[in-house]
Amino acid sequence: MAKINPKFGKELNKYGAVNFNACYNCGNCTAVCSLSTEEDSFPREMVRLSALGLEDDIKASLKPWECYYCGECSTHCPQEANPGELMMSLRRYLTAQYDWTGLSGLLYKSLPISIAAFILTFVGVMAFVISVGFELEKMLHFGHLFEMIAIGTVGLVILLPNIIKMWYLTILKPKVKVPFMKYVKSMGELFIHMFTQKRALGCDDNQFRWFEHFILVIGYLSLLFTTVALDWFGSENLFVIILGYVMSAIVFVVTVDFVGSRMKKQKEVSKHSQPSDIFFVVWLFLMGLTAFMVRLFIDLEILEMNKWLYIFHLTVLVQWALIIVPFGKWTHFLYRSFAMYFAKLKS
Amino acid sequence: MADINKKSAKILVFSTEKISDPAIDMAGLLKLHYPPTVYTISIPCSSGIKPSWILYAYEKGFDGVFIAADGSDCVYGESCTEKTGHLVGKTHNLMKERGVEPARLRMAAICSVCSESFVKQMRTFNEYLLKTLHA
Amino acid sequence: MENPIKNISYDALVIGAGIAGGETALNLANTGYKVLLVDKELSVGGKMIMLSKVFPTLDCAACITTPKVSEISRHPNITIFTSSEVANIRKVGDNEFVAKVTTKPRYVHIADCTSCQLCEKACPVNVRDQYQFGLVGRKAAFIPFSIASPKAAAIDIDNCTLCGACERVCPTNCIDFTMQPEVFELHVRTVVVATGFNLFDAEKMPRYGYGKYKNVITAMQMERELAPTRPFNTVLRPGDGKVPDKIAYVLCVGSRDASVGNPICSQICCMYSIKQAQLLMGALPMADVTIYYINIRSFGKGFEEFYQQAKGMGVNFVKGKIGRITEKEGGNLMLRYEDINEGKLQEAEHDMVILSTGVVPNTGIDKFFVNENLMLDQFNYVGQSDMLASPAKTSIDGVFVAGTATGPMDIPDSILSAGAASSEAISYLIKHS
Amino acid sequence: MEVEKGKTAKILREKLGGIPEQAKENLKEYNRIKKLILEALADGELTIKQITEKVNMPSDEVVYYLMSLVKYGIVKTGDVDDMDEYYTYKLNK
Amino acid sequence: MKKKKIGVYICHCGGNISDYVDVEKVRQAVEGDDIVFLAKTTMFACSDSNQRDMVEDIKANDLDGVVVASCSPKLHLLTFRNVSVRADLNKYTYVHANIREQASWAHSDNKMGATEKAIHLVKAAIAKSRYADALETNKIKAIKAVAVIGAGVAGMKAALSLAEKECDVILIEKESFVGGRVAQWDSLSTTTETGKEMVKRLYNELVKHENITILTNCEVIENKGSVGNMLLKIKKTPRYIGGTCHPEDLKRAIEVCPVEVPDEFNFRLTTRKAIYKNYPSEYPQTPVIDIKNCTRCGACEKVCPAIDFSEKEEILEFSVGSVLMATGFDSYTPAYGEFGYATSENVITLPQFKRLIDTQSDKLIYKGKEINNIAYIYCVGSRQTDGENTYCSRNCCTSTIHAAVTAKTKFTDINNYHFNRGLRTYGKQEILYADSLSAGDIYLQSYEDGLPTVTLEGKKTIVKINDILTNGREIEVEADLVVLVTGMVPRADNKVGSLFKIPKGRDKFYNEVHMKLRPVETVIDGVTIAGACQGPKNIAESVNSALSAATKSYSILSKGELETDPLVATIDPEKCTWCGACEAACPFDAILKIEKGTKVIADINNTVCKGCGMCAPVCEPDAVNLIACSSAEIMSMIDALV
């Protein structure tokens, strides 16, 4: 027995869903989707659940994460109901549901709040640089320290509980029985999907998009590793320096292409980009670019200029670590991989 | 050919232009089969059939006569059923007088879409006639 | 050679000699008005004359069209111009229009042709027959189709090699390659637009593979395969001549689909598909016929019963729009769809697929009128100025519309619409007499 | 100008200065394929599948040309195979 | 008498016949008959070229008659009669043999049997042809006037169209006001005009025409004569209000009237007085007293001087040439308890709902309660699997969506839930469906064998469904109001239909002769049908059919003269002894007693005789025969069939 909640649609619209109510349930979206299978049929099912407002079913569903948004369903939707964008919005909605702090939802739904958050963090960074008297050495040192603390804190305090909540909503609450050994055996799934997005290869659109994304993930993770573990800005090791250059260059080249297509809004996937999507790629781009520049200025010994550049870099970094990673789009990196893992558990 | 025809009795059907003809036509349209020795003479209304015609048909060698009556659908008015019934009764008497088995005359209301019922009637009538006349 | 422009007067000009235009012309002619009926094809009868049987009564289309067509052809008050197109129409007075009509040369004098088909036999050329929707060939000297009216030969000049063989065998010397296009300037008092519709071009949906996969055909092609004058003399797949035994109908191809620019329902495809399914069950008793639909729209008199009858005969109805079709080795086709009843993605293999293509407007009609504005509706059909109370009136006083020129409709509705257009036209003619 | 009846094609041909290239090509192609198919059938009845193998052409093209030949009365349809799948075709002599 | 020479044509029907019947064998079998001059086979007998050939054959060989063996005479009897006429033969010399529906198709399982039967059928036709003499049609004067019965939109449009064609029109309405169903609606789909405005516009046009007589409160009670000249007796019930009634007086009269009866105009949602008018701009402007419910208390008379109880029922007589029926439809009344109808106070029908939204503003209130959640249950009384109404009512899907969208726009906080069986918003109406979806209306579709259920739980009305669109899950909606989407059914009161003997189809609506060839004609000559009395239709479709029917009625009468079938009964004066049996048998009063010389015999009124033949078997001396169905002909056919 299910009860309809017609108000749910309005809530979902705040996460960017457009016109999904127009769906007349022909199933064309499911039929054109190359990832949809007999066992896992979507997106129409999600469109239907959303139209009826069956929230519990949506929260328990992993299907939104199984979509990699090639846009075919939206391109061919006879009612122009945008199933692809609905799936995207559901991912934002679910992200907000998983987040115990509730901040994700706020940031997704409100651009002013997002901007305020960015300003607030900027103010914090400025307060810090003023407190250390604009000394580059101290800033660099603290920046490195901050990265390590932030990663640990965000991971333990925000992301881990969120993953547990996701597990609760999708496995525990719907009463799916999973033997413990299956948890262990299926682990591989988690990492494969986390690092490769293997599933997206099944998408019908060009494989280049998958490749770009793959490179970006590897580049980003390597850059993170280089700066945090190898202390790129502080390192004298030539290999580390070059590695950092290469990685940051990769990040910023790929993101340039991403930003470009988001701006043009030509492809189906980017027609309905939300601020959160744009923040994510722009900040990624800025991180790559500023990191590259900061190291370059260090190597060229343009240190006075570098102060300001580093403040910029630090601001981007802090905003990234405190806003985008825990509450923003970055989380899809985790949720998607876990969704694949959980899906494997459920199967 | 004679062999095939032996399997079916010769039946003369009086059908009506507006009501039962369409049903018989539709039986053909739907490829509902009945014996090919069923012949139809179409007239405006079943209450216009003269008993003498029916008797003549037996005389000439028809095994059976079937009146596909308009029933209550008759375009000429509701008295048709009663009148057709009356003339059938009259004919039955005349048949008895002449020693023709009255069961060789049958009547049923065939409405304009009663194709299936027409075909059923033909089949059972045919079986009956074969059993009683050609056995 | 100089062509004299011919001036002629009529009471009414009816553009399009399909079932709606024909009915309108007959109604007008029967009340004593002189009608000019213009059609761009070689024969009158429009699309209906090409059909096999018609729903829901399963009368053969020819049996209904031919008596109308011969009545039209013989009517003393009707003049027919085939292979003719209206170039422009100018309103020159309160109730007078001047229409410029151009007639393409047929290269055959219709009056002299006895349709003996000797020219057809003699012609060495073979091209795809447009009246069989390309399923089979025809000659360059040809009679359009067996129930065409006028039933006279024509020369397809684009494909003719001008060998002269046809001329040599013609017993009545009716073939004449010196024919020239003719231009007529016609004075008429009223105009009825009955230009009909086009069928959606299935090639605009590449995911269904029409044109690429040879065993994917349109419903109009199947209509020909089922018609008495059918191209293969039985139902075969055009890909390899196999008798199909697992046939699929894909509904809503190019209708109810905003992504291809046609959001409205074509209103006839459900029924013609059900009809064809019934005919196929008759023609190929062993065949499996499946109809993939979104909603079955059997709304007219006797339609729902016809749908139920098809179900009773064993036609499979599956709720779900086909997403993609892919071809397998050997020419069979895989259809991907979501079975809505189950909520599951499914794939089904069929050996022949029929795309039930929708109705799209016949565009360009508004351009006929040079000094008046013929309004179109938002879907590019001829606009109705008073849609509910006077459905046959257009934005131009004295110009009326009949049949599918205003939007999709079935044959009975087209005929009623033609009745309405003729009623308005007669009233207009009486008022302005 | 007085036109002799039955010889007007020549007039048009002269007026156009020849015949369209495509019409010529089309005729050539038809004659070629017609010959292939008729040769293939010369030895006896064949199904479309068998003709396709013999003439080495796409099967849909064979269907089109063969059916045209049936229409023109040059080829006629034989029996259907045991599976009720393919008909055979033979020369109409 | 000179021996007849006839031509026989046997049709292949493009294989429809020749696939099962050996047409060549049939041809050979009849070729030798003594009156058969030529026998041919043809691919399509009905084709233009064959028709041309036939004309040439007849003329060249001086044939006396033709037999065509082809499809059912329903399709082509007229075609070939016309061919005969074009060849200067009398059309009644033509005889038709049906070897398709009754031979090739019926016996496609037995080719030999089919061929044998076809031979006999053609032989019988040839036998009949021997007797098929030239007959002259009766020419009768046609009165250029049409009675249009029913003044709904279809009737009004038909009347207008006929009047424009200079025909006299009697527009007869049973109710007290014109406008029919459309007058009951405010907002209409696809236009900004309301139903009432549309009726007003048409009425204003009607009254401009001097050749239209509008009769309200009138019923046809008798019909004499036949096409061309039909004498109608019309009963006019008085309005009991003379002249014009001052609006203020009327208001007071209504106030003082003590009688309250359910208001049919609002589908019994409200009540009205015995003196009433449904809405201010209603036509005719004069109100009416519903005399059946009036208690004659006289209270209204005291406040309104125009009221006049002395008015008497009148019988009017009109002669017309043709009758156009536009009597419309009834809305299906659900059975007691059908989806909670009459058992739950929250359940109403679609027409009631439409009246409800028309009569309310700001908030939607029903029975004192504000309505937010509305459940619509589709196909109530249509597409029944275990009822009589198997047909689809065509217009209800669109009508419901339109009402739902209107309600949503007009009132705040409306949630629409559509419990349907597959939406049928055909054609451009699809856009309305798309719009309602975009506006957030929720559609739930039931399985064919699992219709939604309406249950009462305390004061709550719960609608449950196993929804196809949600993998068959059970979904429930707590509805403030359940709207039963009732379809169109034929008028329960069919007195006027029986009067004219109009046949009905399977669906009990009036039946046309042929859906495509003759869609607005009935088998009764001169009686055409228009609008929803023929089957469910929307407004534009009704108007199209009304205009078509008007064209048809007009074309029957436009020449001022028409021809009737000469296939009537004949009396052999030698044999007739006047017993009166035939007169008693004739349902059309076509038999008269006359004196011929010294003898009293029966005589046939040829214009009234319909040629049914009911008089023939009752004649003891066998003096009556039907032309073309005489004993001699029938017996010669029997000879040929054996």
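Think of it as A, B, C, D and E in the order they're written, each chain with its own count starting at 1.
Convention: a residue touches a chain if its C-beta (ideal position, glycine included) is under 8 Å from a C-beta of that chain, and two chains touch if they have at least 3 such contacts.
Note that the coordinates shown come from a computational prediction; the quantities given were computed from them, not determined experimentally.
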(request) Find out how few touching-chain steps suffice to connect chain C with chain E. (result) 1
(message) Once the contact rule is applied, which chains count as partners of both chain A and chain C?
(response) E
(request) Report back the single chain whose CA centre is most distant from the CA centre of chain C. (result) A
(request) Please flag the chain sitting at the greatest distance from chain D, going by CA centroids. (result) A
(request) Mind checking the centre-to-centre distance between chain D and chain E? Centres are C-alpha means, answer in whole Å. (result) 53
(request) Round to the nearest whole Å and give the separation of the Cα centres of chain B and chain C. (result) 43
(request) Provide the C-alpha centroid distance between chain A and chain D, rounded to the nearest whole angstrom. (result) 63
(message) Two or more other chains touching the same residue: where does that happen in chain C?
(response) 256, 258, 263, 340, 343
(message) For chain E, give me the residues that contact two or more of the other chains.
(response) 423, 434, 469-471, 506
(request) Mark out which residues of chain A touch at least two other chains, giving numbers and ranges. (result) 24-25, 45, 79
(request) State the interface residues of chain A toward chain C in the complex, per the touch definition above. (result) 24-33, 36-38, 41, 44-45, 75-80
(message) For the complex, give me every residue of chain C touching chain D.
(response) 121, 124-128, 135-138, 140, 158-164, 166-168, 170, 173, 175-178, 214, 231-234, 236, 238-243, 245, 286, 331
(message) Taking the touch rule as given, give the residues of chain E at its contact with chain B in the complex, in rising order.
(response) 72-74, 98, 100-110, 112-114, 116-117, 120-121, 124, 501, 503, 506, 523-524, 567, 585, 587-588, 610-618, 622, 626, 629, 631, 634-635, 637-639, 641-642
(message) With touch defined as at the start, can you tell me which chain C residues reach chain A in the complex?
(response) 207, 252, 256-260, 263, 294, 320-324, 336-340, 343-346
(request) Sort out for me which residues of chain B touch chain E in the complex. (result) 1, 4-5, 8, 10, 12, 17-18, 21-22, 24-29, 31-37, 39-41, 43-45, 47-53, 56-57, 60-62, 73, 75-77, 79-80, 83, 87, 90, 113
